[in-house]
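Across the two complexes that follow, subunit A remains constant while its partner is subunit B and subsequently subunit C.
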Partner chain A sequence: MDFLLDLVDADMLRTTLVVATPLLLAALGELLLERVGLLNLAIEGMVGVGAAMGFCVVFVAGRTVPTVLLAIAAAALSAILIGVVFGWLTLHLQANQITVGLALLILGLGASSLLYRGVVGVTTTPPSIGTLPLWRIPGLSEIPYLGRVLFQHDLFVYVGLSTLLPVWWVLHRTPLGLRLRAVGESPKAVDALGLPLARLRWSALVAGCALIGIAGSFFPLSLVGGYSDDIASGRGWLALMLVIFGRWRPWTIAAGALLFAYVEALQFQFGVTSKAIPPQFLRMLPYVLAIIVLVRVYGRAQAPAALTKPYDRESRF
Partner chain B sequence: MAEPARAGDVAVEMAGIAKSFGDVHALDDVTFRVAPGEVHGLLGENGAGKTTLMNVLTGLYLADRGDVALHGQHVDLRTPSDAVGHGVGMVHQHFELVQAFSALENILLGAVTATWSMDTASHRERIADLADHYGFTVDLDTRVADMEVGDQQKVEILRILYAGADILVLDEPTTHLTPAEVDHLFASVRELAAEGLAVVLIAHKLHEVFAVCDRVTVLRHGRLAGSLDVAAAAHADVVAMMMGDDATMVEARAKTCDIGEDEVLSLRGVTATGGAVDVHLHDLDLQVHRGEFVGIAGVAGNGQRELMELLAGLRPITTGRMHASGVDVTHARVDERIRAGVAVLPGDRMREGVLPASPLYETYALGRHLLHDHFSPHDLQDQARDMIARFDVRTSGPTAPTASLSGGNIQKVLVARALDVSEHAGGGAMVVMNPTSGLDVGAAAFVHDQLVRTCEAGGGVLLISEDLDELLALCDRVVVLSHGRLAGQQVAGDYDRLVLGDLMVAAHG
Partner chain C sequence: MTNQATTLRRLTVGLLATGLLLAGCGGEDATDTATGDATTDTAAPDADTDAATASDTGGESTGDPADGSSDGESLRFAMILPGPIQDADYNAIAYEGLAGLEADYGIATEYSEQVAVADAERVAREYITDGVDVIGLHGGQFLTIATDLAAEFPDTTFVAESSGPMDAQPDNVWNIAREFAPGFYVQGALAGLMTETNTVAFLGGIDIPDYKASANAMFAGARSVAPEVELLFNFTGDQNDAVVARQSADALINEGADVLVLGLNNGIYGVAESSAAAADPALMTSSFTDKVTVAPDTFLVSTLWDFEGAFGQAIEGIQAGEASGVIPHEPGVGPDHPGRTAQRPRRRGDPGHRPVGPGRRRRGRRARQDRRGRRPLMS
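Presenting the complex of A and B:
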């Protein structure tokens, strides 16, 4: 019975929400891109650059409210910068999205490592910037169990998780979202209606990359308090997979992010309480789940019809 | 919505419209007028310029010369959104709908101009009212991809009406509809006209024009052949306009060979009823002899495409036998038929004939590669270089991407390829569909000359064409295909356009 209680342990569910935050942010960012037909394989690199940028700004400027905000903005901008290169090559020059994405992935991973070494140098003990303080919501955080799960987080988690609402609302409740989704399905139809195709794509690209960069800054600022080259450890890829898992819909993506975060939290929990299961196996769990999900879901999933396809109005074939 | 028709008002006035693509005169001095409240049929064979004329009206093409006035005002239509802004909407043959969207989302996409908010509920109500009023009832929440073609068309029309169009162009709207759906559509079209909209119906089929139109304009080879009030016109008048009374458009070299005894291609009692197609083929008996040039005439959509695919080996034969140069190829694969000398010049050359992004020499090698045991890229390039010189193909060389060539030059390459297949079999059967559509006069003459040459070299040609002038100028006999059956034939010397025209349209309806 103890085992079953462990599955709903308040601390573990609290950890679930923390771990879900960057997954959700990055996945929503990727969703915006894919909904306008852009498959961004550089996402892991963007997350890495966001993490390094977020760490370095606070490391240099100290941890105050304005510098943390500055760090988040810088993380968003650095990811946008990569996104602009991606957009220029794939939208303007009609280069292959897979090739460009993979090239920028490697660039992003290298750049984040370089940035950190340039600012911090090589040290034996990695410096710490500390994590954001928890903000216990008065009243609500006193509720037994629920208060502990939901209302004892830092601001990053609250804001990060609520990003779901505006993204969902814009995509599925506004004319702008209708147009954005149409771009990913049929750029030709959008162009024929005289709608500003390029502007729609670029705005989704910039907004999406910003979310991905911010997701990266979550790791040093909120989760770890330090930086290492493997800080994101494949969470960018997981986010990419979550978009497929969520069938390109914000709410199902959020459900997927929570499920994966739960599995990850579970491994922390059992890593502490159980010696029976080897820790390597526990660390493997989210990725095993990812493979199972992809095999089960991907075949039936409906990707945006124009995903990765370059659009040329005058194309003859 | 549409304003009530004013007396003497002209919704569309196009005057002296000319449009060329390279050397091809798609439109030459065409005048076209539509009054509000009028359903106006636009008739003509493929390539006559119907769609081009409407593309000028909807802002897709910029006319080289001529004026467009809408409701008496001169307009400058440079983009589709200009035309939409002036109330012109066109329903294309291939609907420009977002397949993954619901009907409602598709309609809103074109109609809502705000960025952040839309009152979906009130839009939905107004769209449903509009749909009920004109009889375009569809489930607004169904994904377009899950809809029947007829319903998709309703969505497309609703979208255009809801965006405020008062001039509606329908490009061959009945192509994929069942007879019941056609009746329904025509009733709705009459209703639209009764409310003062101007409706242009691009049509292929004569009986449809007589069923629904007030006036009809006929185009022939990019020129205005005439314009008539349907009520006062007889079928024969319109057929005469469509067929023309001159054979001067196509000049062909007379064949210098006799028709032989051997059959290079023969169908006996062939029926093909498999697959989801518009037209099933029934009881086809057709022989092409050595040195013979046989034409298949008919209104588009009567089984031409299916016949072409059947001969090429893309469509299974249900019953009956097919022979090529004496070899039974009834159930032979495409490659086996090519080896038996069945050379095919497809009707849609960009989609079915070429590898658009691949180098020219690879397009030229397709199919021919089956005739030799081995080949090297080097050989293929040499062969392509030789072909380019022989047929005067305008290209930068054998490695140029195929799609970089003009339509006429691509067709030369495809003709050369088919000739090789036919010659390899010592004079095989050449099956050709609409070989000169979209070509300029020079390229068309070249293609015709090569077909005549094929006959003279001991092969046989089966020409499936919608261009009656072409058929009559070239063929030893013309067989009419109607509703998937061979309806009758005429032999060179006894050609009568009106009789052929009657055969083509007789079984309709």
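Presenting the complex of A and C:
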């Protein structure tokens, strides 16, 4: 019976939501980019830069409401900066997206480390900024079990998770969304209709990079309270995978993010309670699950047709 | 937990923290250490003094035949670090130690950081080709590389770290035989005394022998004071991933652990957050650098590790013409390095002072100190 209770433990589900938030934010950002035909492999670097920027602003300016907002804005801007370079090289100069993405990935990881060293320097006392205070929703947070799981988070978690709604609504319920999705399928058709192709692509790029940068700032501000190099530890890559996993649809991406965070938390719960299974095997579980689900869904998944393909108005095809 | 209980708990923490560090330093150092709060000490003020000493001693040592360098220039020492120097942890203490080594031994130091195991041999070869005399490899993962290169380059000396003394030590390798476990024994005893739920836990990153031994030592320590205490453990698979550390700490706290002994590096951030978000916060201990500032209310103690002293002993031996030796590196036998323990350096005339040898008396402050731990350690 203990085994079954472990599966629905309130504290574990609560952490699942917290850990899923940056995954979801970054994956939604990547979704916006891929929907307009841009495969952004620099996502892990952008998340890193966002994390370093978020930490450094709060570290220097102290933790108050305006500085936290400033830190989030700075994180978004720093990721947008990398995104602009990416857009300029791939959209304007029509460079290969994969090459540019990987180059900017390495740049981003290096820049985040450099930024942190420039601001904090070398010390043997680990600096800590603490995380945002919890905001218990009055009334709702008193509900036994559900209150603990859903309504005892900091504001970042609530806002981060609800980002799903506007992204889904814009992409799938507005004319703008239809145009954005059309850009990713056939830029030539969009161009032929006289729609502002470049403006559509650039706006999706900026919005997507902002979400990725904000996802990065979530790590120091809400999840960890400190910064170390490679703080995202591959969670940017996980977000990239979640976009495919979710078949380029916001709701399935959200389900994927929650599933991953849940299985990851679950394996630690099992790791403590059951010593019969080696921890290495348990740590492998989220990724095994990823492969199984991918094999299951990938056959039916349709990537945007123009993904990674440079568009040249003068070309005949 | 009532307020009164909390106050009492804090008081006990303070006393035990001091006690733990005394145990860590061992023997006659006890009186020196007790004067300073070692857990809140940083190396920063000491580094300034080191810089000042460096300018004094640099000229003196040049051309000193005792340097062990044939061309009359100062000994060149290169350190290979596995991670970034700003990690405020394992790599930062080694990096900060370099300034002290320059000052104390009149050597020229350089370093490479973020060197992966696959790159370490290339980096080491570049240093050797460049004429570096001594190569220090900061981490047990570089042991095989040191052994291989030592056979190929008999004129270069290597300083390699390992869990306990290394097997088949080459003639030109100084071995820092790390024993992390005794520090964890003391932390375990502290955890056993502090627990109110009668459950303590060890949380490690990668399950290498060092940390398995540490977990066992921690359990033995806990059982030594609380024979009935329940023991939990887990390994996250990553020393620095704070997110998995947080998830794993959640699971341990969920299972009732209220004291977590951490074998993590930067992963501790996540554990601190896990404890802060828990309904009943858990207490923590850590190692290497002073992590107490991360969560002053819940961090019990940090065991500080002095790598500058260990590498310093190797340099001193090399300057004295010994190409190999073993330096046991564990609580109680290391040199009493002031940057880590806030004690006044021993001066001539102090009790316990012992001149190190002719020609070396004027070279740096630390060289003037008693190196009590060194005597039985040379091979």
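Quick notes on this one:
As a convention for this text, the second predicted complex is superposed on the first by the 290 of 317 C-alpha atoms of A that agree within 3 Å, B and C clash if a C-alpha of one lies under 4 Å from a C-alpha of the other, contacts with A are read in each partner's own complex, and residues count from 1 in each chain.
Everything that follows uses one rule, which is that a contact is a pair of C-beta atoms (placed from the backbone, for glycine too) under 8 Å apart; a residue touches a chain by one contact, two chains touch by 3 or more.
Fair warning: this is a prediction, and the values are worked out from it, not measured in the lab.
Contacts of A:V120 after superposition: subunit C is touched, whereas subunit B is not reached.
In the overlay built on the shared chain, the residue A:G226 is in contact with subunit C alone; subunit B does not reach it. Annotation for subunit A, partner touching more residues between subunit B and subunit C: C. In the superposition on chain A, contact of A:Q280 is made with subunit C only, not with subunit B.
Shared-chain residue A:G194: touches subunit B; no touch with subunit C.
When the two structures are aligned on the shared chain, A:Q302 is found in touch with subunit B, with no touch to subunit C. Residue ranges of subunit A in contact with subunit C, taken from their complex: 9, 11-12, 15, 19, 113, 116-117, 120-128, 130-131, 134, 219, 223-226, 228-231, 233, 235, 264-265, 268-269, 271-273, 279-280, 283. Remark: subunit A residues 174-176, 178-179, 181-182, 185-186, 188-190, 192-194, 302, 304-305, 316-317 touch subunit B in the complex. Residues of subunit B touching subunit A in their complex: 79-81, 84, 96-101, 105, 108-110, 112-118, 350-351, 356-357, 403.
Residue ranges of subunit C in contact with subunit A, taken from their complex: 42-44, 83-89, 92-93, 95-96, 114, 201, 207, 232, 234-238, 240-244, 246-248, 250-255, 265-266, 268-270, 272-274, 276-279, 289-291, 293-295.
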